[in-house]
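Chain lettering (A, B, C, D, E and F) follows the sequence in which the chains are written, and residue indices restart at 1 in each chain.
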Amino acid sequence: MREDKRKANELRTVEIVKGFQEYPEGSALINWGNTRVICAAHMDDKVPPFIKGSGQGWITAEYSMLPGATQGRARREHTPSGRSSEIQRLIGRSLRACCDLSSLGEISIIIDCDVLQADGGTRCASITGGFVALALAVKKLMSMGIITRPPVLNQMAAVSAGIVMGEALLDLDYDEDSRAGVDANFVFAPGGLLAEIQGTAEGRPFSREQLLSLLDLSSAGAEKLFELQRNTLGEVLNEVTARNA
Amino acid sequence: MREDKRKANELRTVEIVKGFQEYPEGSALINWGNTRVICAAHMDDKVPPFIKGSGQGWITAEYSMLPGATQGRARREHTPSGRSSEIQRLIGRSLRACCDLSSLGEISIIIDCDVLQADGGTRCASITGGFVALALAVKKLMSMGIITRPPVLNQMAAVSAGIVMGEALLDLDYDEDSRAGVDANFVFAPGGLLAEIQGTAEGRPFSREQLLSLLDLSSAGAEKLFELQRNTLGEVLNEVTARNA
Amino acid sequence: MREDKRKANELRTVEIVKGFQEYPEGSALINWGNTRVICAAHMDDKVPPFIKGSGQGWITAEYSMLPGATQGRARREHTPSGRSSEIQRLIGRSLRACCDLSSLGEISIIIDCDVLQADGGTRCASITGGFVALALAVKKLMSMGIITRPPVLNQMAAVSAGIVMGEALLDLDYDEDSRAGVDANFVFAPGGLLAEIQGTAEGRPFSREQLLSLLDLSSAGAEKLFELQRNTLGEVLNEVTARNA
Amino acid sequence: MREDKRKANELRTVEIVKGFQEYPEGSALINWGNTRVICAAHMDDKVPPFIKGSGQGWITAEYSMLPGATQGRARREHTPSGRSSEIQRLIGRSLRACCDLSSLGEISIIIDCDVLQADGGTRCASITGGFVALALAVKKLMSMGIITRPPVLNQMAAVSAGIVMGEALLDLDYDEDSRAGVDANFVFAPGGLLAEIQGTAEGRPFSREQLLSLLDLSSAGAEKLFELQRNTLGEVLNEVTARNA
Amino acid sequence: MREDKRKANELRTVEIVKGFQEYPEGSALINWGNTRVICAAHMDDKVPPFIKGSGQGWITAEYSMLPGATQGRARREHTPSGRSSEIQRLIGRSLRACCDLSSLGEISIIIDCDVLQADGGTRCASITGGFVALALAVKKLMSMGIITRPPVLNQMAAVSAGIVMGEALLDLDYDEDSRAGVDANFVFAPGGLLAEIQGTAEGRPFSREQLLSLLDLSSAGAEKLFELQRNTLGEVLNEVTARNA
Amino acid sequence: MREDKRKANELRTVEIVKGFQEYPEGSALINWGNTRVICAAHMDDKVPPFIKGSGQGWITAEYSMLPGATQGRARREHTPSGRSSEIQRLIGRSLRACCDLSSLGEISIIIDCDVLQADGGTRCASITGGFVALALAVKKLMSMGIITRPPVLNQMAAVSAGIVMGEALLDLDYDEDSRAGVDANFVFAPGGLLAEIQGTAEGRPFSREQLLSLLDLSSAGAEKLFELQRNTLGEVLNEVTARNA
């Protein structure tokens, strides 16, 4: 039995508030159980050197915790820690994988994910909320004529699953995560397609079968998140999605 | 006539949400017009070397902007910029000035002020909201027996005033601030007493009389902020206040 | 057909030279096709703060490229880049997962992986060669009486697999990796057990079936690497392995 | 009675040595009691990005202590500390406020203030001596044809005042400053006009009346400093001053 | 009698392996007793600002130790330590002194010297092996048409000598170096000509005569190193050498 | 003929002002032609880890340029540049070589050399003036009972010499140094004994004979500097000098 009475295959309550910050091109606050992340998408008119002149755009992410996000103050990081680097690279890759970068034109979109409160699953919340901020930013940039073709190929959402006391559980909170023997994060496109998979044995190695049970749990959970994204974005999602995706 | 119809001596709408973050000892979100700052107060059981062994405590602050706080993304600062250093030193000094540090015992309280949205007056919002977070943290630490004597000597609040197009105005927003010829910040204790004054000529120097007109405007404005703090904190304010203050 | 004539399920030639450096407690040079990594294991008599006093030991890794490792000089990194951070965290986690840390006692073992030449698969070479350096260091520390119980629970090896032009291939070289649509790294213990899995869609998302084909290819490849480790380490492997693993 | 027999409204002995360093465009050593600051003004042919193309110039400052300046060696600062940042921003703002930046043309002037010896009032000495270095540099740049219109609008000087044991005192030395209950710095243009005011309660807040007593003391003190600047600069001051200032 | 039976004027065994790394323009591994250094020469198409536009090229060096190079792990240096800075400046100066920089054209050559194993004399090994890497790189760049005139003026090699227990010894190993009262490094061109001399008293100062005895020992030793370089480079040396050197 | 009419074997005018800063344990300003360096010696009650517990003391140096020291502002160095590192290591080694470190007791003395004005020879001025600051600090620490035995073994002074247009010249100024084909710095103890020698060919390598001519010039020059140190220090020199030196 889980502490908060959830079933093994049950997500925590997730809600997404559009436009939480006024100034970025797109923004969203995602409340996922007690985990809360502010996602902001800004345009930058420069692209990284390695794609300069290619006509392609770029999407990148920065991830950080507010000092008040954790029990016991989280020190501000002068340079991103190893953990933060790993997470922001994951967010960036995941959100690039949902876009046709050549439709962006030579601009960058930076997704800032600032964790207001951390109770497990901050990277999944960042990707799931980051997609909403990205879609809103794309919509705005299309309305300003900066992006001319809808670049989004598919929705993108992420969810964790893990094995705690021998049982496969969807969407671990901080406390479950601390006791998990296997901990995995899955980034999905609709239809059970994977953009990214990361699984780690915290103690003993795990089997092919255990991996598949986590994959199946999370694949079902992701569909709920896609629905929430669609409800949040409404018509905007159609407008930013490439027809032939 | 001000853009938002305010009178020269009128504050923007200010509201303070207690307990915006769950984990810090005390926290508050202050919405001051379009300026929004998250204030979180954490205890640290260490004090700086220069007061070690004195039996005294310490209060310090960190100030930072979220990347989404401004029009055009605010880059994350690896080390606090000159501006941020100046502001966080001001916040720290101001909040130390409202406490009897010897009543804290040898602990530190760190006030993190993270600007969600910046439309002028972020340092004043940080001090005014930071006082609430501090009071809540003191209350919690008293209830845990870590602080044994109520240490707060008086409320503390800050407000800006400036001279725009020759007219003295209370509480400048970003746009007014950009056009101001004199820009000043005042930190008050109740009764028109000053903890800090900082005034700057943006162009031509200003006179003694102009300084006094700004002082009087802001002194009146501060009283409104004290009232808001009292309404927000209720009984807590009495509990944390030293009787002989 | 692969550039170097390998079959889809064929590893490049891998060889491991024990004791490549004289001073570390354990060291190995792993030549994996054109990829070459120096792995060195040093003891440190301190452990990180979060396990101090627990009686447990710790294993961590640092990963770096020599400037001459790549076509076009690789600049020295002042702080580990995001990519290097991600890799060294993976190596550390993987090698911790093959040891009973409580049998180490309160010491740390640092595995330095310095890439002499990079032609794809440097993180897999680092883990596979790092295991050999670790085992040699454990043997030396046991013979010095610093470690008293054999701590190794199982061998650990890593291999990549990916999908290139629609075909699942084992052990991508740099050129194949650049053209891969899916790129995955698997860290195994013997018997097809997983310590870590990381898969990334470079373009379009991938299916459950594609993931499984990569998992099966790499699981078979890992067995070859375990054999090579056993041949390289000989009797040492038995001596460092916990009997009840 | 003050330690050094000064009256409450008396400055320490101040002298300014022109041209203390040969290579900068302008330089001065200011000896202010035991406080000694080297001020050097260099031209840079670049301006900050935010005024590029505006035709305007810029004046900025850097402030640092020599290790031998204090009792107990002052460590070299790798990045300016919060205190140094605050001071150099104040010096820069103050010296910009005495110039018509559009008369400079698109060049920068950097005022380096290096404290040889610190006995209180280093920021005031930096501004007062920095004005002399600035005027000398402007003169030299005019004679080289780089500046074509005299840009100086008015003299600028700074002095501290504070409340020690209940008494308002002009120009605190280090020892007085340590015991002060209120500590304020005033930057003046001639005629009692203020460019900057910064006052801080070190313990209890202070009243409007106390602020005015400090303002009046310092305003009178500043006139002495203007006289010293005029004596030091002689004819140069006329040559660099805009006629319609 | 020396620990390893060498005579006072005898070098340790030195061998140079050409092309140890495949990707740099030139590379060499130098094994000098137990000291082992990887030297890699890369071309960069930029030159430092101070020679931009002069038509001249530049040669610079970076020096670093692998963590496994020493007894007790050598921490990775985030910025080059004082010692590393000093050494890499010496290597750079020495290798610039063997080339006609105007024959290089406006390119830079960077010599990376990474110490695999350190048993004294790493800077001398870096210079002696670095010359080989440089010559190989020049040859390659000539064959690619990037360098059009042979730029090498003379060979360059370095060797240490010191006074241990009153006796002048050639080529100190780490243990001898630790006990030396005088420690000197000499960089030679053929014919006993000096490019660089650095001598240090570790305890008491030394005399003119002692300096000369070290100079003579090392001058003879350098001739052996020139022979080794010639044997290693063969025909390449002629091809890269300016005829009128 | 030299620009400033000096003979080939003639030093520039050198003078040393004792006690230029009041707060350090010892200080001196050395004016050497147009080169001016402030030398300050502070005590630190800690020693570096590698001699902790040995009963020995330590002497170290820091070297920096004021921004106004050079034609065209010298940027402040956040970390010491390669050049500064090299110089401060040289100063530290040289001043350690004139002291019996075991007579210091377990304290450190830090010599700060801040260049006020740079016209060639700043490292020689730093060592020569640093010796005076050191001796004054030792005297003060002896009078305070912190150092109990006189630790100074001999005076220490440094001077440069070089070959300009084929001629060996003593004590190069900046302009001569820029045109020198060989540039050398010599650190002497009285009697022509060497503590340190550093010679560099700026273009073509130099011969044994050229080296000796520079050594002889500088050895004679150093005797003048010893005389100046003796005149400056007077009786202090005897008091700090070990009798059996």
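The rule is simple: a contact is a pair of C-beta atoms (placed from the backbone, for glycine too) under 8 Å apart; a residue touches a chain by one contact, two chains touch by 3 or more.
Please read these numbers as outputs of a predicted model, since none were measured by experiment.
As a whole-number value, the distance joining the C-alpha centres of chain D and chain F reads 34 Å. Look at where the CA atoms of chain D average out and do the same for chain E: the two points lie 52 Å apart.
Centre to centre, using the average C-alpha position, chain B and chain D are separated by 28 Å. The geometric centre of chain C is 60 Å away from that of chain D, both derived from CA atoms. Within chain A, contacts with two or more other chains are made by residues 79.
If touching chains are joined by edges, the resulting network of the protein chains shown is one closed cycle, each chain touching exactly two neighbours.
All the chains close into one ring, and from chain D toward chain F their sequence is D, F, E, C, A, B. Per the touch definition, chain F reaches chain E in the complex via residues 79-83, 85-86, 88-89, 93, 97, 153-154, 184, 188-189, 192-201, 203-208, 211, 215, 219.
Those residues of chain B that touch chain A in the shared complex are 21-24, 27, 34, 38, 40, 42, 44, 62, 64, 66-73, 76, 78-79, 110, 112, 114, 116-117.
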